[in-house]
Amino acid sequence: MNITLEQAEKVIAAAKQKATAIDTKMNIAIVDAGANLLAFARMDGAWLGSLDISIKKAKTARYFDMNTGLIGELSQPGQSLYNIEHSNNGLITFPGGIPIKNAEDVIIGAIGVSGSTVENDHAVAEAGAAAI
Amino acid sequence: MNITLEQAEKVIAAAKQKATAIDTKMNIAIVDAGANLLAFARMDGAWLGSLDISIKKAKTARYFDMNTGLIGELSQPGQSLYNIEHSNNGLITFPGGIPIKNAEDVIIGAIGVSGSTVENDHAVAEAGAAAI
Amino acid sequence: MNITLEQAEKVIAAAKQKATAIDTKMNIAIVDAGANLLAFARMDGAWLGSLDISIKKAKTARYFDMNTGLIGELSQPGQSLYNIEHSNNGLITFPGGIPIKNAEDVIIGAIGVSGSTVENDHAVAEAGAAAI
Amino acid sequence: MNITLEQAEKVIAAAKQKATAIDTKMNIAIVDAGANLLAFARMDGAWLGSLDISIKKAKTARYFDMNTGLIGELSQPGQSLYNIEHSNNGLITFPGGIPIKNAEDVIIGAIGVSGSTVENDHAVAEAGAAAI
């Protein structure tokens, strides 16, 4: 089971709508089940540095099949996954990456959003993932 | 002058239409005037390895403001730019990357296409760039 | 459709058997449909430098769904894909990488073999892929 | 003294058995005395992101001839090896990497396991290393 480009475009459209609704400018990345980039959009005026972060968030969410923020809790100093970010050519472990599931609850890809506060990033990612 | 996301989406839509018309499955990447990824789409079933190539073609076209195939002629053994591909974390210098110009003939970004023969890649990139 | 670990282990066993039969020592890598490493074995005394080559061959075969040697013919100086090896963090485009298909002729992964002449590498890869 | 492929396959088989017994899906990597990958297996459904982590754990354990978790205690903020993870193209310093010793207590390689909690990762690595 793998996300299609048509599904990915729906996810990006929903994420862009949410981003506009909360007055933010986002980088939005979609990866497929193999964690490879499938679709991407950078809204006009969005931070350039968030380009790479959004892709890494999407990959991180699919690499471990969970929201990126959960990994970030475990990668803090003294926690069990401290400095896991050094793996896989760089993970991003703060909120904004979410697995995308199909109707049967199977993970078919992931979305990564970056461009504002992590709360806003997460909200936009959630709006995107909910479009499937 | 910089390409907008809306323009990039038009370019991708035109490129996808052309790709379908000639029965190919393409990776399509758009970079802005700063050579940074702006939008991307991988058609279902397109080669995975063409993901990176399409992005590198778009960057290469904007890095030097010319079609990628032209650079490839100069990077052959014995030519003036031999092995220029080693720069910029990897260039792709065969056809499929084209600068995108606005109505005033100013370069505002570039498109890179990969997924078939270089002739098909170039034709799809041209169809995309012509949408502006 | 994705190759399973059990299938990959059968592929490696068949490849090792062939390698021994022709008196070679091989690095054998299997990637899944997403081009991610699934299984690997380095025979005792095999070249260390072939470790990375075998993995890159397997990835290259899956990236473009064809034998690596075919790409190598097109990547020669003056050919259409000259210096494609600079993409995807390094391709290997001489023989030894082969897509793995299931009974329905669907590509489910790829094998990459390195450790001897490219003819021997290819023969061992073929023996491995034929085990499915 | 160097671990053989046959020994590495025994280690992987024991690790897989333990992983199944505690209902986990693991990435299992074995490196030799030179810290180079010797054998690898990713169990069906195991996290993709754990692929790289399991290899880095095995390398880290052999680089310093100790369990990875011990290094992680010293790499915390304020400790003597703070951020040692930046070296060697990325170390992983939480539990799951263990040196492999022969009957004479000589280190001949290392195992790295990733795919569950660090406690489970370590338990599976221990079961694997104990097979020699």
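By written order: A, B, C and D. Residues from 1 in each chain.
In this section, a residue touches a chain if its C-beta (ideal position, glycine included) is under 8 Å from a C-beta of that chain, and two chains touch if they have at least 3 such contacts.
Please read all numbers here as calculations on a predicted model, not as lab measurements.
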Inter-chain centre distance, chain A versus chain B - centres from mean C-alpha coordinates, in Å: 25
CA centroid of chain A to CA centroid of chain D, Å: 29
Where chain B and chain D are represented by their mean Cα positions, the distance between them in whole Å: 42
Overlap residues in chain A, where contacts from two or more other chains coincide: 34-36
Pairwise touch network: line, ring, star, complete, or other: other
Pairwise chain contacts, counting only pairs that touch as defined: A-B, A-C, A-D, B-C, C-D
Residues of chain B that touch chain A when the two form their complex: 4-6, 8-9, 32, 34, 36-44, 48, 51
Touch list for chain A against partner chain C, complex: 32-36
Chain C to chain B touching residues, read off their complex: 34-35, 59-60, 62-65, 77-78, 80-84, 86-89, 91
Complex interface listing, chain D residues touching chain A: 47-50, 52-53, 56, 72, 75-77, 83, 85-86, 90-95, 117-118
